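Dropping the structure in here first, questions after.
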């Protein structure tokens, strides 16, 4: 297969409307296996809408998403606009185990290999001591790590993360980025990561998707930093800030 | 009054327990009017617990908070662990108006001066066009700005912000920090700001509170950067990172 | 058409129809205002729940040989505060708390009925009123109730709204969260106790839920939701009574079904909009 | 003490007590398992709500001259799916959706009762069962039901849990959210329809809510909550029936009050712990 | 004298334990059995059938009773569940309504249903047989007499030694019923208008039919769960104005709310017509009987219906 042609998912002219107003319109991009894409854009620019549309959580008003031949395993970390119910009696390991259900056939059972996997990801994210705690009683950053673990536990082929580092402390944040880079490098995991941490994401992601209701830029970081159009669009300072050229 | 003695709020040996486990213990600090304090610490270290205890939202197991003579007006932005109900029919301006109720006597009414104030703060935070939108239908960052506006709208004497810049895009984040600095400088507003953005907070806050279940450091930034104890505690790199000495 | 109008004019000449219209609208306004707050706090079923609890209070009153309404009102106020306390202290969802109070109420009522060895009147007749059988004093009671509910909602509008939206913030903001919540629960329980007596459980419970959810379908702000809810409620009562007269249907059931119809319409409007 | 035991031994010799114990425990297990899911999804009042809806289905069955139970079960399954659909499509809270279906059900029942003129039976009498009057076939029905509910919960445990906790994530994760939800609603409605006939509305509704909330007071994980809920339910049925026999109380009401007592105990345990 | 003899000759023999579900059968059993029986009314006074829940001891009392009298599946579907569990060898189960032609709601007589023989007889199937039948058959004195016979023969079966005693008491009581029937006829036959404005449920159909009275009530259907319709209330008011009737009747145990509203609009007075399903605690204490109730009903009918001989409008 020609690696130029190989795509894991392709957005073709994707538009989404809420009521009358268009949140995103006419976005066309092709994502290749192994891509590590930072998705950036101002508040309300449609980043969350774009990934939700890809996941089938909001209906498209136009266009389509085309996935690669075989069904792909997806890990998803939603943006924390709706929260975990603090009254729900779910322990940390139970919540992480939900991430493993996607690969299973009926009847979906958690076996001992799964349990080892849960322990593994929990200790990668530094929450192994919280395993039996009720998720509702954790601190904000601890909860965020549980949800990260849930998204990563089944070794997905695409990981879609909506502002994953919010609420994480700097130490954990660095660990987390390292983990992602390792997954990306070692297992060719495709990563889509929405972030406002534009000054930092360039150190990790290798591609750059800038959305502002429509597609503004999609390409590698080097391309972005070299693009005159982008210099025009953002002004020289922002590009400088993102590209860390100083 | 001796300005050395003047305090707006003082924590005396404050401890909080959840069940058997102590979340914070024996924290004693004095906050002066006009302080701008960055509160930092790893996930689960008790930052949220500390400010919630100050606000009377969780009971103390030991110690007390002593407030200045007259009752102070407080603006509060909670950490987004529990979310806004997306089904609730509340418009942006209605939600912001709740911030104004604290100063009012029964029957609490929103008058036209209040409405102007709401418009003012909304445009400061760039959400003036969203005024009649349902808050539940906004993007994550837009919602965060609405809650910020609600916390700031009544020109509080103390502003307590729990990870306010999560979900904000870089542009709005800068605006927001500027706004805080202006409030602090011009109206002597006391600011307590919890953040994981330790590398950045030093540019804005003038004092530094580091909590890790107990008080690790409280003092000015210069003191922090000069302290050998802190160098020992964090290792030289972290201090370097926070103090931006390069 | 002409005949329909003359029939309605005829209907309006009966005292019982006039009273049904007036009392119905007054109760509808009370329920629809409170309903918006109650539905948003997951207390939709409180009408149903308190009517079950009333079973115990009426049994208790009859046992003591006291007026059921006079005994029920304070006891239902207590029950509503118990729902609130369970909600807060036991960290329960509102609807589960309601279910617990309702179940306990019915069980206590059955137990009282069983150990008392019987009553002089049928317990249920104290629970079920009919909108077509509103007496003169009851009309005054409805007016008084309506005035009280409107004042509470008007005077505490901002407090009630703020607490319903974000209780923790309201607390920090110096609003007397507990007191306002208890006020809401008291107002609700009095409305329900009187309302059950006047127009029956079915209608009370439906007038709390339907106008509010209808309004929530198409309101983007809270004020709009309140106004829409009250309008829907009043419209459903008037049109329901007239329709019942024309079609020879029972009045209460017709009003409920009219409410269901209005909900469907607002649901379709929302669908078309988005 | 000795006398108490001999009384209980005597009680155990009655077929109706044996059947009440067995059927009661079977129904209790069903309700308590489903209850945990239902309470967490704000569907606590579904027992109460569907029993109101059953009022209409019984009226409808009598109108068609069909067996009320046979007509009710499919109609209640429909009603429960309607609750689910309202919850999703109309963006309503579960309890409001239940209230709407309940209100509409009662209103339709009253309307049918009024306009049919064809039957003169009390519709409620078809709804109410008594745990002391369980027949042989009903006992088999309870066994069958219990086996079905336990299998559904066991086979779909992880799906049900995942969906209840975070529906959006479950959806992305490739779980058939709609199908599993409909399965839960169907199982629930069959349990309720049969349960009302066997042990009455009051007991069914209480057995859904109480054991679940009692378990939620002191469970930090979901599995523990399920197990605790079932234990509480079974214990309350057994101890309730025995207590009712000793004290000459009505059995259903005693079981409900026993449940209330167990809740209070678990509430105190939680308070002491924290 | 004879009764005393019976009792003393059977000193060791206890009274026959009878449990009845509904007030009329309870009262009839008392009148027939006198002090040879101990009759218990299962439903506590004033309690309505749905809020009634038997205690385990109630059920074991039924199982230990000698005779259990119920009133038929249409009136008390809940009793069927209890009957199913009864050991028929020990306890005689009496359907008080056996042999009575039930009126359908449209007014035609039909055969009463058979007593369910065994539990295997599907209950649900049994239930729907009653749709469309009026179960308040005790409001007709002929039917009351049949009930008396049914109860008397059950007592005789249980206690063959007392057979003559029971049959004689039954005959005496039936004579009282006949004379009450005669009173009704003679007092009501010539009254005009003969319309009963009844703001209650459909419980008086048998009585109205027997004496040729016209009964109008505000419910469109005849189910106890139906609500009044506004048009029917208006019709009642109109009829009162047309007939010049000065009284509106209400039913027992319930608050007369609808009656009050009608009375207020028309200036009429309110009178009770007792359906005798169940009685209040006070009535039980006062020892009120079925005949007392029917006597009061007659008095109230005499007050409320038109004058004798006056022409109907």
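Chains: A, B, C, D and E, in written order; residue numbering restarts at 1 for each.
Keep in mind that, in the parts below, a contact is a pair of C-beta atoms (placed from the backbone, for glycine too) under 8 Å apart; a residue touches a chain by one contact, two chains touch by 3 or more.
On a predicted model such as this, the values are computed, not experimentally measured, just so you know.
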Each chain counted as touching chain B and chain C at once: A, D
Where the centre means the average of the CA atoms, what chain is farthest from chain A? E
Report which of C-E and B-D is connected by more C-beta pairs in contact. C-E
Which is it for copies chain C and chain D: same residues on both faces, with over half shared, or different residues? same
If you average the CA atoms of chain B and of chain E, how many Å lie between those two points? 75
Using mean CA coordinates as chain centres, what's the chain A-chain C distance in Å? 47
With centres defined as the mean C-alpha position, give me the chain D-chain E separation in Å. 36
Once you find the CA centre of chain C and the CA centre of chain D, what distance in Å lies between them? 26
Residue list for chain A, restricted to those that touch at least two other chains: 18, 84, 87
Multi-chain touching residues of chain E, meaning two or more other chains, are 50, 53, 55, 220, 226-227, 229
Which residues belonging to chain D are in contact with no fewer than two other chains? 91-93, 110, 114-115, 216, 249-250, 252-253
Let me know each pair of chains that touch one another. A-B, A-C, A-D, B-C, B-D, C-D, C-E, D-E
Parts of chain C lying in touch with chain E, wherever the complex brings them together: 10-11, 14-17, 19-20, 55, 109-110, 113-114, 116-126, 129-130, 132-136, 241, 244-245, 248-253
Going by the contact rule at the top, pick out the chain A residues touching chain C in the complex. 18-20, 87
Would you pull the chain E residues touching chain C in the complex into a rising list? 44-48, 50-53, 55, 218, 220, 226-234, 237, 253-255, 257-258, 260-262, 264-265, 280-282, 284
Which part of chain D faces chain C closely enough to touch in the complex? 39, 42-45, 47-49, 52, 89-96, 98-100, 102-104, 106-108, 110-111, 114-115, 202, 205-206, 208-210, 212-213, 216-217, 249-250, 252-254, 256-257, 259-260, 263, 267, 270
Given the complex, residues on chain D that touch chain B span 91-93, 273-274
